[in-house]
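Labels run A, B, C and D following the written order; every chain starts at residue 1.
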Amino acid sequence: MDKTIATPAAAVEGIADGASVMIGGFGGSGAPIELIHALIDRFRATGSPGGLTVINNNAGNGRIGIAAMIDAGMVAKMICSFPRSSDPRAFTERYLAGGIALELVPQGTLAERIRAAGAGIPAFYTPTSFGTELAEGKPVAEFDGRMYVQERWLKADVALVKAETADRHGNLTYRLAARNFNPLMCMAAARTVVQASRVVAAGGIDPELVVTPGIFVDAVVEVREPQQEEALIRAGVGYA
Amino acid sequence: MDKTIATPAAAVEGIADGASVMIGGFGGSGAPIELIHALIDRFRATGSPGGLTVINNNAGNGRIGIAAMIDAGMVAKMICSFPRSSDPRAFTERYLAGGIALELVPQGTLAERIRAAGAGIPAFYTPTSFGTELAEGKPVAEFDGRMYVQERWLKADVALVKAETADRHGNLTYRLAARNFNPLMCMAAARTVVQASRVVAAGGIDPELVVTPGIFVDAVVEVREPQQEEALIRAGVGYA
Amino acid sequence: MTGTMVKGLTNAQIAWRAAQDIADGAYVNLGIGFPEMVARYQPPGRQAIFHTENGVLDFGEAPPAGQEDWDLINAGKKAITLKPGAAIFHHADSFAMVRGGHLDVAILGAYQVAETGDLANWRVGSKGVPAVGGAMDLVHGAKRVAVITDHVTRDGQPKLVDRCTFPLTGVACVTRVYTSHAVVDIAEGRFVLREKLPGQSLEDLQAMTGARLHLDGPLTDLTVPELAE
Amino acid sequence: MTGTMVKGLTNAQIAWRAAQDIADGAYVNLGIGFPEMVARYQPPGRQAIFHTENGVLDFGEAPPAGQEDWDLINAGKKAITLKPGAAIFHHADSFAMVRGGHLDVAILGAYQVAETGDLANWRVGSKGVPAVGGAMDLVHGAKRVAVITDHVTRDGQPKLVDRCTFPLTGVACVTRVYTSHAVVDIAEGRFVLREKLPGQSLEDLQAMTGARLHLDGPLTDLTVPELAE
């Protein structure tokens, strides 16, 4: 078994117009910049994939990564908890102009909905958002005298994920707090594409230290010295 | 911060009559034998704690561990998925005589109910057990054209857990497949008591390699060369 | 039962036949006991990745006697080994794999399978100590749930039935049954016969079966090599 | 507003006061921005363990400028360091800690807090880009949810009110409010005044407050050292 793919471009080939795409990362940590930019390259060259629904905690920052996807006009909808950042122009401008839809989800609910999708749990109850406008239209129920909101799983067609080390079976580890949503998104997408700083042979990761087991991963591409989103933003780099 | 406690006896002191007690392990792997036996010692010496509800995947094997708790007459009820084993006499005899109650839960539902308790999710839906006798009396609901059963979280007063390495903050790692239910039970009990083969200073476990973060752990006792349940059973050892 | 008695396949042969349908690189859970035998008969060049409920992916054969590590066991509590590429995880993640549709195939034993796809494999009545383990989880979630079983019980009663009389493990979950005498798909509430032993007539096979066997597409011979048990 | 204007506490002083109520070894989440200041004022001999939503427990101060590792940040996207005993985990485990009642204290900012314990701290109207982050999760789950805030808005409107007019973050979730002028508990749908600035009369404080301040047990002076901002 060998899940490796040679290039980011090849790894994102199958993503279709209108797809839902989970993209790992939190702020500038754990964002799979090379996969995102390969997808933008494809869109610029072919006009596809467009009309995407992107699922991420944020909604892009500066002029790279998800912000560059929005700037390129590929994104029809964002599902996120915090569409603000130090430089949120890409999303803000398009959102205020009515050019992009937003589903705002509390951060813990977003994480749990993704995890539920991966775990085959179609719905669960959470105290989060009860009595607020973000619970409007959702079923509520009382358990043990307290009120809860019913939330549904959140699946995607594709997940784009950044890992530190991958083996050829797709077992993954992550670097520091770049872990965040990445392991959850691996579980919740029909197809999970991973960029890893290092790809090793099967057996190259201690089985006890695997964070994401390979069963959740479909394709792995090695990106040896990946760009770090926050560092790019601070350097004022754009992807245009 | 130092969560270490000197002895297994001291670690199990607070457990009260009628308590619900999660006990980690799957078959003979990951069972906190020394903590269990300390609890039995206390019961034999003081008559307390009795009337316990024990939550474990199984219901004891041979004449040690949970089986010895049952033999001692401390257990009023078992919540488990598979109350059978190579030598299930302790449970079987008492169950067939009406001396112990049983709540049978599918294994994945048991794991998820425990995880839900730890995660503040009072109820969730699962396809597991739909249309079977184990779903009788439980609410069902349809999502996306498929039927699901509503399951409730499963909390406990205490969890007894076996870890490999612990630091003084309660961060834990586990040995091989002795991990099983242990990390989940740490999350789901009001008080989590851990026996670890090795206790190290804070900082002694790489933060990326922590399996159970210390926030889920209340007390840690070092048991340097812990007994392995399966090995004891094969050696024909009893705890009487 | 009518017609000539035909010697059915051995358990090893049933397991062999089931193994032929497992693709290279498939993620597979084998039920405790007889289904575990399927792992022995993977065709050359194919390597499935085996999952066990208690939190191990990509485990291998049992270690030599005396070299067991009892912290490394499978759901049947047998000692196992790890292959390169193995991963260890907790029970909630393990059943996320099961329930979440990540396994390609689960192969289970059966007391009864109904033409509806219902499975009964955990309990034969209301006596004794009930024990369910992971069976009810496995039947929901794996992309393909298959059963391996003798075609009839020891006393000749059909195990492929119109409706299960034993307590159910799951509803409408099984899609293929490998028996001692046939390979039967379950589609739209019907048994569809795909393969039968070359020496047995359709009528005889139908007589051993508790519900109608339908034909839909080619019917081929179920041919399996001789195998040591 | 009536009575003499009293100089209220600075943000640093409010944070200092809140920090005095955090026990040694407590697990604490501090909201982004002003609440983060609480970490600076832990009393000597006490060491809380700080949680950040993006999956780090027991983080420490920011590293020196130029030594940031941008894969090691907090929920406010600021660079952090790890203390000995730190742990890293994914977002679902992180919010299991939050929602599951494992944090001892969460300290958050507020636009408005109601005597019912309702909190509004994520949005002031329906314009612009809404962003909620982890606020709605944090207000449910932590054993104690406290708010630190100025007692009134910049234009003198009360922030402690009978009912929130801004969109809610959570219902009946706050149990203590540390303001520039007072420490107020919320119990049974009432504001209970615990501490007030020694130089201010109860009447003046009440006049700055949008709901009735009740007395229940001792009322003590809110005394805080001078602190550099």
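The definition used in the following text is that a contact is a pair of C-beta atoms (placed from the backbone, for glycine too) under 8 Å apart; a residue touches a chain by one contact, two chains touch by 3 or more.
Here the structure is a predicted model, which is why all the values come from computation and not from measurement.
Trainee: Could you name all chains that are in contact with subunit C and with subunit D at the same time?
Mentor: Under the touch definition, subunit C and subunit D have A, B as mutual neighbours.
Trainee: Which integer distance in Å separates the CA centroid of subunit B from that of subunit D?
Mentor: Their C-alpha centroids are separated by 37 Å.
Trainee: Using CA atom averages as chain centres, what separation in Å is found between subunit B and subunit C?
Mentor: That gives a centre separation of 30 Å.
Trainee: Can you list the subunit C residues in contact with two or more other chains?
Mentor: In subunit C, the residues touching two or more other chains are 56, 88-89, 92, 95, 98-99, 140-141.
Trainee: Touching at least two other chains at once: which residues of subunit B meet that condition?
Mentor: Correct list: 112, 115, 119-121, 126-127, 175-176, 207-208.
Trainee: What kind of graph do the touching chains make: line, ring, star, complete, other?
Mentor: other
Trainee: Following the definition at the start, I'd like every touching pair of chains, please.
Mentor: So the chains that touch one another pair up as A-B, A-C, A-D, B-C, B-D.
Trainee: What residues on subunit D touch subunit A, complex-wise?
Mentor: Residues 52-56, 69-73, 77, 88-92, 94-95, 98-99, 118, 128-137, 140-141, 167-171.
Trainee: For subunit B, which residues count as touching subunit C in their complex?
Mentor: Against subunit C, the touching part of subunit B is residues 26-30, 57, 81-86, 88, 91-92, 95-96, 102, 104-112, 114-115, 126-134, 175-184, 211, 228-231.
Trainee: Could you pull out which subunit A residues touch subunit B in their complex?
Mentor: Touch list, subunit A to subunit B: 112, 116, 119-127, 141, 143-144, 146, 148, 152, 173-176, 207-209.
Trainee: State the interface residues of subunit C toward subunit A in the complex, per the touch definition above.
Mentor: Its residues touching subunit A are 24-25, 27, 47, 49, 51, 56-58, 82-89, 92-93, 95-103, 140-141.
Trainee: What part of subunit A is in contact with subunit C in the complex they form?
Mentor: Per the stated touch rule, the residues are 1, 115, 117-121, 167-169, 171, 187, 201-203, 207-208, 210, 213-216.
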